[in-house]
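Shown next, in structure tokens, is the structure this report addresses.
Order of writing sets the labels: A, B, C, D and E. Residues in every chain begin at 1.
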Amino acid sequence: MKKLIEVENFYMNLGSFSLKNINLDIYENEIVAILGKTGSGKTVLLESIAGFYKNCCGSIKIDSKKVSDTPIENRNIGFVYQDFGLFPHMSVFDNISYGLKMQKKDKMFIRETVKKISETLSISNILHQYPGTLSGGEKQRTALARALVLKPKILLMDEPFSALDPITKEKMYVQIKEINKIFRCTILFVTHDFNEAQIMANRIGIMINGELRRIRKSINLFEKYKDDEINKFLGIREELYSD
Amino acid sequence: MKKLIEVENFYMNLGSFSLKNINLDIYENEIVAILGKTGSGKTVLLESIAGFYKNCCGSIKIDSKKVSDTPIENRNIGFVYQDFGLFPHMSVFDNISYGLKMQKKDKMFIRETVKKISETLSISNILHQYPGTLSGGEKQRTALARALVLKPKILLMDEPFSALDPITKEKMYVQIKEINKIFRCTILFVTHDFNEAQIMANRIGIMINGELRRIRKSINLFEKYKDDEINKFLGIREELYSD
Amino acid sequence: ENPNAKETLQDASENLKGKNLSIYCGAGMTKPFEEIANKFKEKTKCNIEVTYANAAQIQTQINTSKEGDLFIAGSADELKAVEKMVSDRKDLVKHIPILAVKSGNPLQITGINDLTKKDVEVILGDYEATPIGKIAKKALTDASIFEKVNVVATTSTAPELINAILNDQSDAIIVWKENAKNPKIEIVDTKDLDSYIKTIPAASLTCSDNKESLDTFLKFLDSDIAKNIWSNYGYELLN
Amino acid sequence: MKNKKINLFEVISYIITIMVVIFMSLIVLTILVEGIPYLSNSFASREVQFSIKLSLFTTSISTFICMILAIPTSYILTRESNTLNKYMQIIIELPLCLPYLVLGLSLLILFSSNFGKSLKEMGLKVVYSQLGIIIAQISVNIPYAIRFIRTAFLEVDSRLEFIASTLGASKWIRFLTITIPLSKNAIIGAMILTWSRGLGEFGATLMLVGVTRMKTETLPASIYLNVATGDIGVSMASALILLLISSISLFIANYFTNKNSNRNRMKDVYTK
Amino acid sequence: MKNKKINLFEVISYIITIMVVIFMSLIVLTILVEGIPYLSNSFASREVQFSIKLSLFTTSISTFICMILAIPTSYILTRESNTLNKYMQIIIELPLCLPYLVLGLSLLILFSSNFGKSLKEMGLKVVYSQLGIIIAQISVNIPYAIRFIRTAFLEVDSRLEFIASTLGASKWIRFLTITIPLSKNAIIGAMILTWSRGLGEFGATLMLVGVTRMKTETLPASIYLNVATGDIGVSMASALILLLISSISLFIANYFTNKNSNRNRMKDVYTK
């Protein structure tokens, strides 16, 4: 399989926090989840991969090309932000169709596409509203729709289902998996829900204190680690595995 | 027991959405959780109880007094917003100490109190940072700290643990329960996590489409309802209870 | 010499201490008048205050505020607007309009009739709003050449006319003599404008409530001290 | 106790507001009282009609050019805050403190220099021409406009711009679709200031262009001439016309400036 | 293709910025060239020293008063958007379009009226006095200041104010701790405008106060007199002094205005 994202010896310093020596390869069409304590650097990692920061060392390549060499608008990365980052001056419809308009798609096509995705994400009734009036879950799905509608090659999602109720969440799992399959979209996402990570991802990485300590196949997530901090984080108790 | 919050025949209209005929009594020192699909009106309900809206009918009383008759600053309600609502121009320390400063507490006391609460919520290392630099979970805990530090009589929390990892979450559960016990603080909170609701709350309400359909003791949450929408929402399958 | 004036001053030096006198003066005459006022103040200890502005503003100020004792105007014509407020008038010095060109007189302009020459661009004061513009218009009209002169612009104050020459925007202007004290400007030696010479009047105002200081000052204006100051600044004394 | 404090603050604020409004009304009223008797005559005068047209014409153009200059300049000045930019900012804003007389004088000297002469040969006559009026208005207004718009651009969340880029927007498009709409109120504010000051500008124009009747006579210039000839009433009538034009534009501008209350939940909120 | 577009936009913006900077530099340079030979003489002159002091004095006071008036007024005007407020806004901003001459004239009429006379009897002499300078500066600047601050207040998230209240802040305190700090840049901007225009104001002052040497002679007034007597060099030296004062204040203001990059993560971000 082809390596789509390659992070090598990556370091990033942000005030008192730093990402340390990140190494991560993600293959085409894979889904990878990142787990980790709050403040451990998950968001910063995702943003770094999207090429958000400039003062960093090490290399991040997408499709064997350095991210920073491609202008942002040509990177073809969908990003769902933890705090949504919706455009406050645009209706939900305009938020979702923003990327399509950039691609100069024709109006009919845009309307159809937005309609389809918003039905999929059950937000067709709020298309005319402005982000300021939305509920948390509605904002989150709008942010999802805005990223998904472009069928990006790479989808980076930062806790994309955190504001959803269990039923809606489950629907989303199915949808995202489908998108992953149909559009051959590679997904890297952050979550706090171990169950979610296992359901969705092929592999799961664990971040602790700015280090990406371990990446494992999902099914092996709860097998005991040599790293006690990880065991503790995952709630794997010493005694259970004590021999 | 004394009724602390009394919501009677409450209606609220917000564009295309409306809260319909809400009736809810919350007793002193109780913890009540609200569950509900995304967009069902949980946030609007919480905001209404805090007296956020003016065009509504029905009555909301706190301590037998109409909310709208008390100036906001004297209501003694702590509110943890779903999107945190931190003051962007103040450091975490200043955000947390804001309410204490309003009460004209002396500096030493403020410093001590903030120190204690931030240790409890494991955010003492970020006190000098500004909200814009925080991670999602750090923001959430800052918002929590800002509300808790005032030891309000009533604490309204909108998905207060959604951005936290399981370990931190569990710590929070313990802390909040303690606060509830020690300061005799009445708590109403929204969550999407059934487990969380059951662990934390004495009673659980379920919102569907702007109606507060049912309030039950936590332990009875998963007993079958007459209302099929609720059964569906909670994932209680027909067959299981089919006789 | 006017011995009377001197005596009055010496008598007054005690009397006017703590007395007030407020005077409006056209901004164009700031320099000589400032000196005159200072001399007066020095001698009499009178609390004299001179407000400078252009004539139009002074007129408006007098008519509106109805305050002040004396108005020194650029020409008698400027008193028309404040007619009702003037109780008395006294002529001070000549105010002489001249024809000015760039130094060296590159276009060989020798009189106002040369202004009709091709390529001569002229800038004048506004024909209604400025006294110097009125004079210019009248002079050119009397010579029946007003229509033939290429007037490229009109300005609303005298100093702007000077700026026009200094900045090469105009080949000739008609302006007050005292304005043209600048090495880059040459006064055309012609008698064409002699019949339009005005006098600078000092107009006592009806609203004056400092009669004593005013009278003393008016006498002082007749003194040689005052006259010398005027002529030092290029104004010609009345015969 | 606390309740009293609230009231005190509100009451004081209201009193101040009313004082300001009364003061401004008095100014406007004075003009009304003095100007109304002469108004119909003024409207009928060919000279006044000319100056209305010239004022509207020059001000529209100068406002347009100001915006064209101010918006990209503010963009450049806010995108990066290096030392060069800081110095550029200060240079741009320095002329703010200049009396318009001096500004006009500098312009006159500038456009009378060889540079100005070559412009003139190219057919761009600035001094004593209508073009000069436009240039004077631009010079007077550009520092304001830039300060106003720059302040607004500073407040725009650069993350939203980054996000727009990840969605495929080039810098230019993202500027048009994110930065500008989010600064809408300030841009309208800057336009209103530029427009109003352009209408009223006069100090710099007088120095650079003079007043030639029916050629470079804007409304303020006409007012000046009328004051100079002692026709206060007529000049107040012209001022009244300016006020009329201005109030129409303020109505239009305020229509676009108000808070978009349908964009958030706050419209229904107690702020008491 | 797209890459080219980016470059084009940036390049055009840069060109415009540089054009504006050059234009403004030329104005400043003109003053420098013309004024420097006379500068040392000017500084030595008692009259100039007096006018520097008077300018600084009157401008400081008028800026202060402007802020005291503009901030609460903007607060009242933005808190509710009822019809009354809309009309009050328009009345306040109407005088924006007035030539300063007219503004000065209205003030002169106003303060020469019975109202003005009774003020004078109370010891508040406005016409021909230093107090008049302050009043003129305030009248000129207050509409700007209000427009500027009002725009900023409109952008403040009212939810944050509500939240501050739930934490126990009275309206007044929440205004001081939330609304004002969040509008900081705009308030500084308004101060700078008011201060700069106050320093340069002259049109309205001349009408209301005239120029009396060593009594009501501000720097711009001194410039006016020197221009009127043909001493361009001396007046440019005074203008240079104004520029000096202004550049110092701009340095100070810009120091406080820049983006607080330590308050968000964007400082390290690619915006290329």
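The rule we apply is simple: a contact is a pair of C-beta atoms (placed from the backbone, for glycine too) under 8 Å apart; a residue touches a chain by one contact, two chains touch by 3 or more.
This structure is a prediction, so every number in the text was calculated from the model and none was measured.
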Two chains joined by the most C-beta pairs in contact, as defined above | D-E
Just grab the chain with the largest centre-to-centre distance to subunit A, centres being mean Cα coordinates.
-> C
Between subunit A and subunit B, what's the gap in Å when you average each chain's C-alpha atoms?
-> 28
Please report how many Å separate the Cα centroid of subunit B from that of subunit D, as a whole number.
-> 48
Whole-Å gap separating subunit C and subunit E, where each centre is the average of the chain's CA atoms = 36
Mind pulling the subunit D residues that touch 2 or more other chains?
-> 2, 6, 105, 109, 159, 162, 170, 224, 227, 232, 262, 264-266, 269-270
Flagged in subunit B as touching 2+ other chains are 14-15, 52, 71-74, 133
Multi-chain contacts in subunit C, i.e. residues touching at least two other chains, fall at 54, 57, 60, 157, 163
Touching residues on subunit B, where the partner in the complex is subunit E | 50, 52, 71-75, 77-79, 81, 85, 87-89, 98-99, 102-103, 130-133, 146, 150
Where on subunit A does subunit B make contact in their complex?
-> 14-16, 35-39, 42-43, 82-83, 125-126, 129, 133, 135-138, 140-141, 158-159, 162-169, 192, 194, 232-233, 235
Taking the complex as given, what residues does subunit D use to touch subunit E?
-> 2, 5-6, 8-10, 12-14, 16-17, 19-21, 23-28, 30-31, 34, 68-69, 72-73, 75-79, 81, 86, 88-103, 105-107, 109-110, 139, 142-144, 146-148, 151-152, 154-155, 158-159, 161-162, 170-172, 175, 185-186, 189, 192-193, 195-197, 199-203, 220, 223-224, 227, 232, 235-236, 239, 242-243, 245-247, 250-251, 254, 257-259, 261, 264, 266, 269-271
Along subunit E, where are the residues that touch subunit C in the complex?
-> 105, 108-109, 112, 127-128, 206-207, 209-213, 215-216, 224-225, 227-230, 232
Which of the residues in subunit C end up touching subunit E in this complex?
-> 22, 24, 27-28, 30-31, 34, 49-54, 57-58, 60-61, 64-67, 157-159, 162-163, 166, 179, 181-182
